[in-house]
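One structure is given below, represented as structure tokens, and several questions about it will come after.
Labels A, B, C and D are assigned to the chains in the order they are written; within every chain, residues are numbered from 1.
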Amino acid sequence: MRRKFKVAVLGATGMVGVRFISLLVGHPWFKLVAAAASERSKGQRLREAVRWLPPQGLPEEILEFEVKSLSPKELEAADVVFSALPSDVAGRVEEEFARAGFAVFSNASSHRMDKDVPVLNPEVNADHAFLVEEQRKRRRWSGFIVTNPNCTAAVLTLSLKPILDGFGIRRVLVSTMQALSGAGYPGVPSLDIVDNIIPFIKGEEEKVERETLKMMGSPSKPASFKISASCHRVSTIDGHLEAVFVELGRKAEPSEVAEAMEVFQGEPQKLGLPTAPKPPIVVKGENDRPQPRLDRMAGGGMAVVVGRMRKDPGLNGVKYVVLGHNTIRGAAGCSILNAELLAAKRLIS
Amino acid sequence: MRRKFKVAVLGATGMVGVRFISLLVGHPWFKLVAAAASERSKGQRLREAVRWLPPQGLPEEILEFEVKSLSPKELEAADVVFSALPSDVAGRVEEEFARAGFAVFSNASSHRMDKDVPVLNPEVNADHAFLVEEQRKRRRWSGFIVTNPNCTAAVLTLSLKPILDGFGIRRVLVSTMQALSGAGYPGVPSLDIVDNIIPFIKGEEEKVERETLKMMGSPSKPASFKISASCHRVSTIDGHLEAVFVELGRKAEPSEVAEAMEVFQGEPQKLGLPTAPKPPIVVKGENDRPQPRLDRMAGGGMAVVVGRMRKDPGLNGVKYVVLGHNTIRGAAGCSILNAELLAAKRLIS
Amino acid sequence: MRRKFKVAVLGATGMVGVRFISLLVGHPWFKLVAAAASERSKGQRLREAVRWLPPQGLPEEILEFEVKSLSPKELEAADVVFSALPSDVAGRVEEEFARAGFAVFSNASSHRMDKDVPVLNPEVNADHAFLVEEQRKRRRWSGFIVTNPNCTAAVLTLSLKPILDGFGIRRVLVSTMQALSGAGYPGVPSLDIVDNIIPFIKGEEEKVERETLKMMGSPSKPASFKISASCHRVSTIDGHLEAVFVELGRKAEPSEVAEAMEVFQGEPQKLGLPTAPKPPIVVKGENDRPQPRLDRMAGGGMAVVVGRMRKDPGLNGVKYVVLGHNTIRGAAGCSILNAELLAAKRLIS
Amino acid sequence: MRRKFKVAVLGATGMVGVRFISLLVGHPWFKLVAAAASERSKGQRLREAVRWLPPQGLPEEILEFEVKSLSPKELEAADVVFSALPSDVAGRVEEEFARAGFAVFSNASSHRMDKDVPVLNPEVNADHAFLVEEQRKRRRWSGFIVTNPNCTAAVLTLSLKPILDGFGIRRVLVSTMQALSGAGYPGVPSLDIVDNIIPFIKGEEEKVERETLKMMGSPSKPASFKISASCHRVSTIDGHLEAVFVELGRKAEPSEVAEAMEVFQGEPQKLGLPTAPKPPIVVKGENDRPQPRLDRMAGGGMAVVVGRMRKDPGLNGVKYVVLGHNTIRGAAGCSILNAELLAAKRLIS
């Protein structure tokens, strides 16, 4: 193996930023060399600036990092940046980094719907990765931007991929029960969620619908099946649970669909990428699974867990429940897998 | 007004039984004269026998009731019985009471799918009430059985009724987030639900699908639209929240559908039944409502609250969220409203 | 009865401010004429400016109030103001209002430890009310400031009062389990409290210790018993639960202490003040009470509920558990009771 | 190292039983050879019989174990048994096993207060281990029984040990916030604990008081300091949090007490026992720690975490908060550490 890529995290002090860092600790291909955040945190130790830490903490030497500002100049030591920036600043900052030659892997939604920016969930649409070449050419950038999808769409599309490949999809309806960490930190006030549900997450349904079609289409054309999402916040820490109803392209038994999921291997599994879960889809036979607390860490938080595959009398298709870790598969972990994919395809160097 | 009907509660010691009692306290038409339960509780004071009490408690004189056994003989003082029995005993016991001349209003599922037993949600299918006459004739009973629907179906069908009337329905998909009280007491272990969701409720989806069609059809024939449910248990105390996707019989804007709900009046409202909520459907304009803790007591727990009415790109129809109190509108309150309806129609005497 | 006093609420848009308003709706002695808040909200309708609403909402005509600024000029229509201001602004603003002739009843901690400002929990130290006369004289104000204690101290001292009167107190240790609403809205992030406890509430222990001694002493000298508090935040919506260990001034059986609590009547009960709970202390015999969800609304949220009275082998005294509603008895309700007390004593006019 | 001891778990299907098994997987000194439970489960695969599984599951080959009955005959293959039996059966069954020559390490309370049975928390009273020799002689058993303390006492005494050694103890008051797993599975109904606290745990306070004194005294005489506990159940999954107030034997600053805790090493640390946490007491400087979700897995769940060490004005001593994992340090893990201690001291063979 060649030398490790040097990487930095933008927006390193929020919940997804910290998740990026914790997944990069000990990574075989990537070495974290810097952490950057908004001017408010600049110059502080990461230790003081982080708003949230995982239970297991972070290594001392990383907590001692001085927080850099969001400028390509300051992060010259890195080749690759992972962006956990909020959408309102991500748009501009990420472009600056891409122009300056960085490979930018972003969790922000700002550029996801740009025609020449791939929304990449590697088991689903690894073939979209090559869009970065078109992007570079068109924009005359030496770097590029690759985005990962919205957390809910990441989980959904991974579960839909073997269905699309094996049976075709005419229609998808999805109703979600999403975890608190999806709103970041401090995020949802406790008074709003104890003994309660919030049946609304701003912009979420549009993202799920749009990004799913973009990912499941060809690089140049979104998929044409119908899709509708209803998104709700419930009182779980991590792990988005989604009830999915699918009208298939051709008749199939639920057991056939479950089997297609079980044997499914994506490009990351075939390439043996370090963060690729094996298998990417865990199919449960017990009728009361998946459950967020029990199943969200499947495959290190990178697998999705499917259960309750059954006939759907509403669409004459199948219905099932799928769970995935929203800040790992649905955010930082997906972005890191994207970077691994582009490294394996020699699209970053 | 004539004298009050004398009523008794069967299965009085469980959560729904106690809910029946608390709703009957001070009722203008019904006077609680006895409480009955399984042999295990027989002879105890209700005070000792109840497994659960509402925060506001119950009147002292009722807590002093001696628990009777489940025999028509022992409850001769009553004309009407409300049954909160578990399904495994309800079937046989309720038949005995009906044969002995009692008007039986049951929350149990045992008889719901019997052809001559109405599943009654009075704003939805008051016209099914007359089935009891056929029932009496066929079974040669002097009494009869009327059931209320499953809690989830009660909430769903009330919200669907103005849609069916105004626009027609081709297809309904519903994904639920159901409260803990739906499982009774002790019900769901706390270790299963803190920071968790259980994506399965035994028998629930079948009940929702079957009972909705029965209620929304004619007395003799179920409705023919397609329906599919996915049911999940979340960590709320009371109030089932349901995400509903509807394919309409004819094109309509979400605002038209919302208006039809807002102006909707059912038979109980027209008859001015004591437990009838005014309005039966509360439509919220705020985009983050309904919420279980804030909205479950609308109309004293008898109204359903609808929010987020919007276009559904999946079915080319509408999608919305509806909330109802599962042990009031979804159980004891619905059964009491049923009894009021039959009293107003002089079907009990 | 004379005409109603005209009252305004300062800091009307936060959780305690709204609680003040909802308790003033329909009050027999006080008529709400205005709501004021910081410059940020000024000029908005209260409807838009409130950060939190109770499940039952607020009357439409009050939601239409225009939010005034925190200036005595703007609130001339009122005689009395209730302050739910945050401590950092309360100090200065409340003085301005008192100087301008208003009777100020404050939930803020800013002035609680001023020698001539009573910290008033009316069942405990109604005799401290006359401090306002000294205060007016010394400060040459036409109005005055009366504070209510910290929420935890309000609940604790009410339960201790009959013990102090009947048996004397040498030492009190208290360990609390405090509700989320105590931190206001948005307050505690949900990610910090699901499946968790925060064993720290800034400044709380000092307030509990200091204010308890001030209230339970004479108007001029704090009580001299020893006191220590350990304060913790748990995942309940409303209701502070406190485990209390007491070393008595003379030997007594737990049953004697419980009886003293049960028969206790404070000045508000004797005067028949409108907000006075009857009884002020509810003593429970069941060994698993009080519980926050079941008992917090005792006496309309103004009573405290005591349970598990038993021997304490650590201090050779008694130990018990007490619960009180933190934003009613512990904040807005207590302040309103204070105003009623001063009105009854003709200290406001 | 000699051959591994062969061990079996009694009461293997409940929550603590499964915890024993999961801690024994891969243990360097002990090899699990059998799992036993009540007649109800006998003959089933462990897979079917367990009432609860940890998120990470159990190895397949162990899930395939056939559940044995609770008879020494059936468990002849084992030398050592770990008992997670409920107290009502533990008394008799454990005696049978000890009589039949097994070294019995029990989490049940049945024998804890027997004079010749050690209640062992190895960092606290390793010197009590030798009681088993007296026990064998007196009872003419070839085996013996060693118990671990009640979960709350295990956490408390480990934190008190360096205080007792360094400063002496006159008085301890402790108020607990205990996790749901302490009540086993199904245990606490969810309806009792969402937005709630149960201020009572049957028998718990007596156990904490009695066992603490037994452990912290000499093998033949309990300690003579005063102690009082108030125990409460809150809505956390794992980890008992305890607020502790201590009157010291001699004056000392909180910082001295904290330091004594930080440097503390018990016998298990000195002997390098495989399950011994290093350090056994983690002292936190942040003022909002320890928190159950963040800190319960310290030292693999075997360490206790202390925070908020400060002066206690109530007892003129110190107060602090301590957290420990109730089913690891407080149950199965402690019992396994006990077995390691006796193995290291060659008291089992």
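Criterion: a contact is a pair of C-beta atoms (placed from the backbone, for glycine too) under 8 Å apart; a residue touches a chain by one contact, two chains touch by 3 or more.
Only a predicted model underlies this, so the values are computations on that prediction, with no experimental measurement involved.
J.: Name the chain whose C-alpha centroid is most distant from the C-alpha centroid of chain B.
T.: D
J.: Sort out for me whether A-B or A-D is joined by the greater number of C-beta contact pairs.
T.: The greater number of contacts lies at A-B.
J.: Calculate how many whole Å lie between the centre of chain A and the centre of chain C, each centre taken as the average of the chain's C-alpha atoms.
T.: 48
J.: Just how far, in Å, is the C-alpha centre of chain B from the one of chain A?
T.: 42
J.: At least two partner chains per residue is the criterion; list those residues in chain C.
T.: 192, 194-195, 235-237, 293-294, in rising order.
J.: Touching residues of chain D toward chain B in the complex: what are they?
T.: Touch residues, chain D against chain B: 52, 180-181, 185-195, 235-237.
J.: Looking at the complex, which residues from chain B come into contact with chain C?
T.: Checking each residue of chain B against chain C gives 53, 55-56, 194-195, 237, 293-295, 297.
J.: In the complex, go through chain D and note every residue touching chain C.
T.: Against chain C, the touching part of chain D is residues 171-173, 175, 177, 192, 194-200, 209, 226-228, 230, 232, 234-237, 241, 243, 245, 287-294, 307-308, 312-316, 319, 321.
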